[in-house]
Structures are given as structure tokens and as C-alpha cells.
């Protein structure tokens, strides 16, 4: 909705399914029945604790079996500090695509792409795109900007006070920077931007966070900055919050094109017409027709940026490599552009302004996650920029393959064929 | 970027790191070195095939070890039809939150929430929110609309032809519907919407897809509809594509608020002030102050909808339950609203227009995924609408907990404490 | 802002201009000095009333002179019902462009375009575009949809109640329609769309409004509908508003692409390469290069739709023809698309989903406004759809001319030459 | 559209009106009939030239009469340099609202607001809001940022070249600045921001433009900068354009919140509850209820910022005061926020990031336009910042009055009463 009237009525009819609206609506009322047993909470992981947790749950053993088979029990402590209320291990199949040749400022070479997904056809499609790019000499990739931000918000009695606060701020950047940077080895405050809206002041503190994705680092440093600000400012806010939802954290925002969030990267390739024909069964001109129509399709539907399916590849790589998959909401944004060049070849580029990736911290040290980063050769210090460039190359490979399939009229067939064993379920 | 000049210069300095720009830029050129071995591709999974695939890859055994331990080998065929180029299994720790009491049209009861994540503090935060809601009698949840769309695009010589095509279309809906619905047992074409842009015509075919997330079903049905259209229309397009990127597939779009994509659900609760104070250590008024400031923060940064962190919980639940995690890009969108009610209690609501969830098909039948759906009691036919309502309740729990932490000034502390063992890595 | 720190500091320095921040901020405090004389308010217009109004104002005669010269006094009563607190007449020079040949469903023929503006080069640019189109056989134009909406909002105690309300609504459409349509001769309720957000229900009542722009008509009919709803619904809202800001009134919104507001129109033309070269001094290929880059420029900066300068021509025509110029905020939105066709000619199209135009009511009956509509041959009943098609043709003419100038490198020169007499003022 | 099927069908039926689609579509074909006489074009204005222009047009004398009455003929040369193809004068009634007390950094005092419009109820509504604010001690207003940008675009063979170009740029800012600033007395290049998208580079050159609105100034300076860049850069683009549509010129964009375009201003007031009750017949709490619901209405419909009707007042003031009314498309954007303060009074604020206003240049020197600026006391050098603050105050007055009417249930009545003489026309 706004759905037209018929839809609304139709759905209501289905939902009611013979009951009166009033009967049904009673289901929605708060209920004071005795509650089910609470999950015993805690961050500590030992086989005994986990055992006890399961015991208190009214769940049958066949549910537990796949999540916590006996052979996994000895290794579960490795997940300490990455999860709370641990009860087992989720398993997702992993496919390998490529290699993808990346000629980047930081990434250089042939990369095998570990992709974890349960969606048929995804790995096959990226594999096809990666091989196409590699055969064209690889894609170029270029880190364009980096930084992670937090946006504390300060509410004053009046805009007048907000103005005095900002005037004070502009004289005290050094102290704020010191306070923020004292909390971190690698982080650096790279900018402090200011937005006044009435009597509200939003700050955007941008940090360089080295090879960590860096959101915790940025949060902790921002809190230190806020503490100092509150201690010293002669104009006290009525209240403030360490994050006031202007940083774009975990959501697509127009802002990421206009500044940066995480890592901004572009990747491009020029692909000879014969290669397009041979591997994608279509022509550069047809792919550009698709691009034009799909770019306007994105604009008509009100997307941020215009692209096809970055989310598919990024989600699979993020999941495999211990990245924060909730960041797909913000990372899967960008601009895809295709052109026919003078000599008839296809120019293809992707630009992603918001890649949240790290090669240390978060989930990157867990067993399968670390192994996947090692498949890429990108685990540990000094690798995050290269990982971002590989992500852009991956996105480019995916756009080429999917758009190729759509342009060649093969999109549906690919999905049907690869998922055929599952079709009865739909 | 647009980053101000200093930033650009600063980053370029870092990137150059002593080299000339020209030297560095040579790294970006296509490279014709001998390529690394190609992954041997294929959808079939047997221990032997996988063995051979690994053998051909120049990867050390310690990389393979965690991804494909001997004990997993016998069970890998279960992943057939969900992955290609299979090489092993990604493992993600699973925590349990709740139970969350949901009083929904379809979901009714106390739900344990299986959350797979590598991000410390996430499960603890949702657990807190779920317990808060349950103690308040549960959240109400209401399915508002459902449907999955595909958007084929047709390009004509002129807008004149486009108009004739549309006139023809409006006379032939029944045949189109028949063609589409002939491809599926459960799918129904519920609407066909039309957008003309110059000589381009975009259709939006909306389908009810039963308990499957339904994207493949919608694709296959749409292709059948397109074939019929092309066969019969007296006005041939110059070209057409089965999906022209107006459906919002795998991306946040303004459109999802104005129609529906997947399932649209709202969840709400009224929480007594004492409960807010006791469990969140803050007051309803303070939480509303946060809401107001953060809603405007979202607007200022150009987000679609205004919300806090839906992506966190949805990504973790989608991953655990075999949903398509790439859909986080579109699903993690909505509107959160908090108010203080007359009696001082907190009214809190979330509305998510774009939940892409299913309880059959896709990854829902895989071992750990199915087990997680069974923890929820929501595996199989007839459960998808309830799953959507639980997702909305989960999002509400998360917003309450995170905003509570931000309002109470405890946000940073929670993250620091739960991730402390990892801090050295950042 | 967010502007980087240096900017903020720099501006603050300029603003302070030697004063302390505290001194300056005192200027912002409420002031209780004796107020200046209040304008004597009223809608009635007679020479005497206006005379008295001026007398009470502390304004020198040389200010009044141009606004109310003696020769205008006898005719001022004509403005009754279009203004309050009348003090005189604003005068804007009027230029004529064209003729523009339009081959539309409703507009058919060669239209002289009356454009009121104070911006040098505007009329010349549209004139050039109109002549180009006419020489190419004219533009095709096609009305695609029409309707004006109001969006009342109803707030309930709970989403439960909101759901019951919607269930009731869907059973009572006929009565609501009758109540709405009883207030108007020409208006018809064409759709009633429903959006639930938590315990809030927004309705979108769409009206066909005949040849009036129709906003007042829609408001009055919507209020009647609301009154009936409130009288009859068994579920009373806590409060409601006749317009809850979801209709897109007076602002650009993503929604206008996805439904319609006012009139949706597309216009297109195919222009031979020689004509482009001769009249615009550039080539179709170069204009497409511009289009591609500017479309992505629009996406990067976060616009709604992608177009160049619709606002220029629309504002000038709206002003000349008695349309509501505040609607430029919503009307100047759309999609411009250029392509090179197989034979080398230029395909150009514009699609505007939100033209708020009328040929009766509002300002259309005032003397110069009516004369301008008569220049177009479009005053009075039965002409509004044609006016919308002419507006689309005008927008197309403007895009061709401006983009032609930019592609030919002549953009700056045109502005400099035509505004040269004014340059000393900048 | 996307409108549902029924709508499309319905409209097509109406449009066809008995004809076949094919017949109707023939109307859209290019037409080679003899064209109507071309308007004789030119910028020069003398009575004789205008006389000749009218003579060549096939228009009846009663059309000319109101546009060019004999008494206006002697003064028409004043419009030279502001219009081409001059044929007469458009006349719009002018109402006066206020005074509005503004306590600003630059504006200080009681301002009479000249508003030109043909929309009944507009002046009355702003008058009411202005009087309310004045009685509350006036509104505070604060200029927050200023600058006008142009966005030239440079297309390279590869992103590699784009990167080399940017590296060169960052070393040559001084020369670029000199070239740009050499074209203007008052303009200063305040920032140069850089966006890379694939092989495209967009620059945003921000200028301080003194008291002129400054778009021509920015264009001319940007062209000079581009010329210098092209002369000197060692990496030549394949093509470039002086404006590549990333500047937000004449359109609403998310970017204006994140940087600035024109002047960014906030205005606020705290209004005692009694005053709200007495003058608006409602309560602060009810107005905040409206604000909350309407803010979410804006978000749901996909607007940029959230506000009510800035366009109404700004369009009327821009028109009266010789501002570029096409800029309403970009200026009428911002954030309105209402809160109830601890003591029960109403806090109201507006923030507009994109006010394009000037007090010299453009139309500001024409007779009625200059008179209106003089009514404000804001004609000429040194007044533009104050004018921007008055605009923000005007927007605040309008929001208070309209939202007051909606909250009090008086919105429709006001419109009906003031426009009643016109009702027969709708």
C-alpha cells in the first residue's frame, strides 16, 4: 500500500478467512499468559554452559542435532567474543568463483572468490563474470576515499545556543581530536563536519580506521570526543547522543555518494566485442541498451544510485570472509555504467562509495572466515584496501554476467536450470 | 568524495606513498600474464568432484581444513541445488534471543529467535529488546500487504508505439495472467502496473507467491508472460528484457513504501514507563527525544524511510533461517516511530514494507537453516506470513534496545564490554 | 554543512566580523520593542481600501509608484479573490518563443509560448529549442495519466484499531465517494489508496478534476469524505487531519513517478543529425555523451528523476499563464533521455509525472494570464490536457537547447552575451 | 502510473473517446504542414521592434491589449537584458503580509513581506503566521553557510587517466582559483570538491558570490577554470562539459543538505501556548501531533527533507522581489520541526539549505522588483544574507499558519472562504 482499493480489500478478505475483523483483531492484544522459558543469557562459551542453555529450552533434539553436532563441541570456544547466548553453528555452503584478475592500486593479481550462499545460480553467475574479466586482462580497480563516521547529536535550548556551540567547536578541534585518538592505536580523526538543523547540531566525525572495518573503533573514539566536548563547552546541550543516525550506519543513504563511508572504490574494464559475444552470447550494443533502460528503471523506482545486483556478490563474500553482513544494507549501493567505445568494445564500470570491509577484527579471525580471507590472500594487517578493490571487481563481474544474461534472454533459463531440484518447493 | 580538496590530496599522498602517480597508474593496466588455474565449475556435488576441485587450486591444506573437515564430507550432497563450484562450508556462530512474544494476525506465541552473526553485542541487544517486549505483553504485529514483482521493460521505436502497446495490453490481461500462472502451482498474478517513459514501457507484474520468498517463481512466470506478449502484440518492441530494474530487486527503493515488495508488516507495543526505566535505564521521554533527533538525522543524510538498525537483526535471522541475505539491501528499510502516550508509557512501532521471506524453497530446507526455522516453529507450508510478522517484532525489539542504550548513554559501553577480547585487533 | 571544518570556521569568522560570538548571538534573542504598524488585512479590493492600506504603512512614495501607478487603479478589483492585503501589481516582462509544433493526443498544432521571466537567455534558449523541434516535424506528446490527490491522516490508539478502520473503509467506498463527489461538479474520486504505518492510516484520495488544476476542489471533497468517515466509522481515531503531507503537494517526491500527481505526460522527437549540427552546432553522439554524464550527475547528487532544467521553462510559462508557480517545486521533475538512433539521428524524450496545470480557475482568468492562455489557444474548458502536453513539449525544447549549448561549449557564451548589460551588478 | 490496471484502462478509454487507438496515434506523427510564422527573435527592446513583432503574429488585438497597454510602452526598454523576444508585461497582484519581526545575524527588525501570487488565501495565511511570530518577540534566524556551485564533468578513456587527472588537479588548485577569480569582482572560489565515477570526474566548484544570486558569475568563473585546466592538464579528457548536472541547479537534491547551495539558513521561535490557542485556535500538543504525522508522510512519499509548504511563500516572495522563480524547485526544500517545550510552549524551527537569493543582479533592478526589495529595506549591496534570513522567517511563518489551520480543522474553510468568488470555475 498505497495499494489500490481492490488490493487492500482482497488481502483483508484473505486474512479474515471467514472470521470477523473484530475477532481477528483480538489476536493482536497484549497477552499475559505465562511466558516460555527465557534463554539463559551470557557471552561466555563452554560446552557445559551451552549444554545447560539447550536443556532449559523446550526444543526437540532433532532441532539441536544439525546446529551442534558432537564433533563441533570442542571448538566452540573460538566463537567467544563474537556472539552471545551461543547455541550452535549455522552452516552455509561455500562456492568458489574465478579467479578474477584485479589490477588495482592495492589489489594486484588473480583472486579466487569465496562465496557463501544458499541461492542457486549465484556462484555460477559470478564465476562467469570473473572469467570474462580475467580473459580481458582483468579489471582496473582504484580506491578513491576511505573513512568511517559517527554522528553524535547535540540538542540545545535554541539555535542561538547551537551557534555558540559551533563557534566554540571550531576553536577546539585539536583537543577533540586528541581525545578521540587517545582511544585507539590505528584510528585517526580525519574530518569533523557540522550540520545545524534548528537547535540541533549533528557532528560527523570521520575516522581512518586502518585495516579494521572500524565501527567499534569509531564509536569508542566518538564517545571520548563527546565526553571532552561536554566537559569543556561553555554552552551545555539539553541532551546529546553519541550517534544520532546521520552517519548512514547500516542503511543506504544519499550521503555516501557525497562523502564516503567505509571505502569508496571504482572498478572498470574494456571488453572486446568478440569476448562479449563468445562468453555472454550478446553484443556490447545490446548490453548498453540494457544499461540505459535499467538505469532509468532505478531512477523511476527511487533507488539510491543505479545498479543491478551488487548485493548478491557482496553478501556472499561478506558472509564467507567474516565481514558484517548487516552492512550489505549500506554497501550494496553504487553506480554501474556501460558504454560502447569507438572500436566497438564494451566499457563497463562500477563505483561503490560505501564498502564496509576489514581484514582484522570483527569476524575475520574465526576459522572458516579466516580461511576464506586466506584464499584471497587478504587476511590481516595491510590488506583492507585490497579487499575493497576486490569487492569492486566482484561487483563488476556480477553486473557483467547478470546483464549479459538479461541481454541475451538467458536470465530465466539460468535460474531454472540451476535451481531445478528445488522447484517442487515453490 | 565530493570530499574537500584537502582530503583528496591527503589520500592521494598516502596512496602514492613515494611513487609517482604515473608509476602507480601503470599497475592499473590490463595484464596478460599467464592466468592462475580456473576453478573447475559445476553444480554437481560429490566428495570426489570436490576433492578434484581443491586439488587443482594452488591453496595450502591449512586453508582447506576449516572449510571442509573430514567429518563434513559425507553430508555435502545436501547442498546440491543451492550452490555451484562447492568447496566447503562456511560456519557462523548462532545465538538465541528471547523468547519474543508476538501477537500477530499469523504469528501468535513466544518465539525463540535464532541469530547467526559474528558481531559481538548483537544477540545480547536483541535479547534485551525481546524480553522487554515480552514483559509488556508482547508486540502486536500485522501483515499489511504482500506480493513479489518483476519489471520487464519494452523499448519501442516511438512513444506512439508504446501507447499502442499499452492500449493492447489493457485488453489482454486475462491471457497474460493465464500464461504467467501456468508456470506455477502457488503463484498468482495480482496486479500489472504500467509505466511509460518516452518510448519505453516498464511493466510491474505483482505476484502472490505463497510461502516461498518467490523471486524465481516470479521470474519464470514473468518470462512466460513476456513470451505471450511478444507472440501476440500487434506492436513489436525493438527489444525487451524480462527484468528492467524497476522492481526494487536487491536494493532499497522509495517504491517499496508506495506499493509492496515481499511482505509489508507493522509491529507495535505500548511499554509502561517503569519497564523502560527498569530494563533500559532511561525514560520514554528521552527515547522520544532520541527518536525525533534520529528521524531528522535520517532525513538529513538522505535515507529511504527512517529507522535505526533493522539490518542487524534481519541479517542475523535471515542468515540463520536460510533466507536470501542479499535481500537485506531491500528488506532493512522502514519507519520507526516512538511517542509518549497520555499515561506516560512509550508507544513504539516499526513498519517494514519489503520483507523478502519464505518458509519453503531457497535455503530453507538445508540442515541448520531448517533447524532454525523449527526453533521458530515456522518451517514449511503456511508459515511465511507468520515469519514476516516475527521479523517485524524482531526489528522492533532491536530498535527499542539500541535506542534505549543510546538514550541511556550505554551504547558504547555495551559494545566495548562484549567485544573486549577482540579489541587488540583493532 | 556538513561542510568540512575549514568552511565552518571561515564562515563563522566572516559572520563575527570582529564581534564576539556572545555579542552577536544576543541579536538573535526575542525582542519586545514596539512593533511596526500591522498591515491592515482583508480580501476586499477597492481603490479606497488600498489607499488606506498604503497610508498606514511607513513606506516612501517612490516605493509605491511602480507598484500602483494611477493608471492601474481602476482595474484592480479584477484581482479580488486571488489575493489578500492587496497593495499593487508586480510586473514581469514577457517574451514569446516558437512556435512549437506539438503532435499530441490533445494538443495539435503550432503553439506560441508565452514566457514571463527576468532571467536573460531563457526565452532565447527555449525559442531555439522550439524552432528546432518544429523544423523536425514537431514533437509527439502524450498524456499518460491524470489525477490530483489529498492525503488525510488518521491516528489511532493502536495498529489494531487502524486495521479495523481499514477493514471498515474497504466496505464503505461508495458512501465515501458520494460524499466527496457531492461537493463538486467536475471532480470524481478515481482511487482511494491506503497506507498503514504503525497506528497511523494515511489515505490518498485521487481525483479527476477536469480542467481545473484542482487542488481546492480536491481539498474540499476530501474534507467532505473525512467528515463522513468520522461520522460513520465504528473505530474512532484519536485525531485526524485533512492533509497529512503524503500527497506530494508543493514538493518533489518519489511518489509522483509511481502514481501520478496532476498530469503525467511524455513528449519525444527524432531529430536528424544535420538539424542538430545546423541549429545546435554539435552532434547527436555528443549530446548523448552529455546525457549519460548528466544523468549520472543527477543520480550522484540525489535528485528525484534525472533532468536538466525543466524548472526554467515551466516557471516562465506557469507565471505567464496564471498557474500556481509554487507548484514548480513538484512539477519540475521528470526523466530526460537521449539516444542515437540507427540512422544517426537523435532520439530525445522527456517524461513529466507531476504537471499541475489548469485552464480554468485559479489565476487563469486574470487579464494578462488569460491573454497568455489565449496566445496558446488554450483558455477555458476542455483545454487542460492540451496545456499539459504543451508543457511537456516546452520542457523537451528546453532540454534540447540547453544540452545543445553545453555539448557545443556555448553555454557560458550565451549567458554572458544576453545578460551583458547587467554584468556590472554581479 | 505505475497505476493499477483499471486506471490505465479507464484513462485509455477516456482518451480514445470512440476512436481507435491507431487513428488516435496517427495524431502523434511528425507533421510537415506549412509552419505558423516564427516569432522574430532578438534581445533589443524598442517600441518599434515590439510593434513589428506583434504585427507578424496571427494574434487578435484583444490578446495584446492587456499585455501591452499603450501606457506601458514608454517604459519597456527597462526590461532590456532581462528578456528576449519581448512582447509585453505579465501582471500579478501583490499582497503585503506582516510585519514579520526577524532577529537574525543579518536581518534585524520588522519586515513587511511583499508576496505576488494569484492563489487565494496565500497572503492571508502568511500574514497570520507573521503576526503570530512578531507577537512572540519575533523569530531568530541564522545564516549557516553560503556558496553557489557549478559542476563541470570530464570524461577520460579510463579511470586510470581519471586518477592521474585528479592527482594533477590537487597540485594545481592555486592556478585554477586564479583563473576562476579573474573573471569576477566579488566571486571567490571557496572549495573544489572531486567525485570520480568510473572514468568520469565531476568537480564541484563552490563560490562565494557576494550579494548576487550568482549563478551566471559561477558559470563564467567555472568556464575560465575549465579552460585553464584543459590547457595545462597533462591528461586530456575525451570530452568535458562546463556543467554536468551535479550542482543541483534548478532541482531539489539530497546534496543540498550535505553541503550548501545558495544560502543555508535556520529560523526558529518559541511560542507560548496561549498565543497558539488565541491566534491558531489549537494547542502546541496538537501541532506536534500534526508535525509527527506529516514528517512521516513526507518520508513515506519520498520527499527530500520534510516540510509542508515552503514553496508557497518563497514563490510569492521570489516573484515579487526579482529572484529567479525557477529556483523554487531547489529552494523549497528543508526540515520543519515542532516540539512541545517543558513549559508547554511550542518550539518551531525551519532549516532551508538551498536559498538562491540575491539583492543585486538578475531581476532585482526592475521597477516593481526593486520596489518590493525596498519595502523590505533589502535592495542592493550588502543585503543578500539578510534577505535569506527573512526568507527563512517567512517559511517559518507559513508552516505555523498552515499547520495551525490543519491542526484546528480550519484548513479547508480558509480556502473555501477566500476563493469563494471563483468557485463556479472549478
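Letters are used for the chains, namely A, B, C and D, taken in the order the chains are written, and counting of residues starts over at 1 for each.
Convention: a contact is a pair of C-beta atoms (placed from the backbone, for glycine too) under 8 Å apart; a residue touches a chain by one contact, two chains touch by 3 or more.
Here the structure is a predicted model, which is why all the values come from computation and not from measurement.
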Note whether the interface between subunit C and subunit D is symmetric in residue numbering, meaning over half of all numbers used appear on both sides, and answer same or different. same
Can you check which chain pair, B-D or A-B, has more C-beta pairs in contact? A-B
Euclidean distance of C-alpha centroids - subunit B vs subunit C, Å: 37
Per the C-alpha means, the centres of subunit A and subunit B lie apart by a whole-Å value of 10
Starting from the mean Cα coordinates of subunit B and subunit D, work out the distance between those two points in Å. 38
Which subunit C residues sit where two or more other chains touch them? 1-4, 7-8, 28-29, 140, 142, 144, 158-160, 163, 191, 195-197, 200, 202, 254-255, 257-259, 270, 295-296, 298, 300-302, 304, 306, 335, 337
Would you tell me which residues of subunit B are touching subunit C in their complex? 4, 6-7, 140, 142, 144, 158-160, 163, 195-200, 254-255, 257-259, 266-268, 270, 302, 335, 337, 347, 349-351
Going by the contact rule at the top, pick out the subunit D residues touching subunit B in the complex. 1-5, 8-9, 12, 16, 21-22, 25, 28-29, 158-161, 163-164, 166-170, 173, 191-196, 202, 204, 254, 257-259, 292, 295-296, 298-302, 304-306, 335, 337, 339
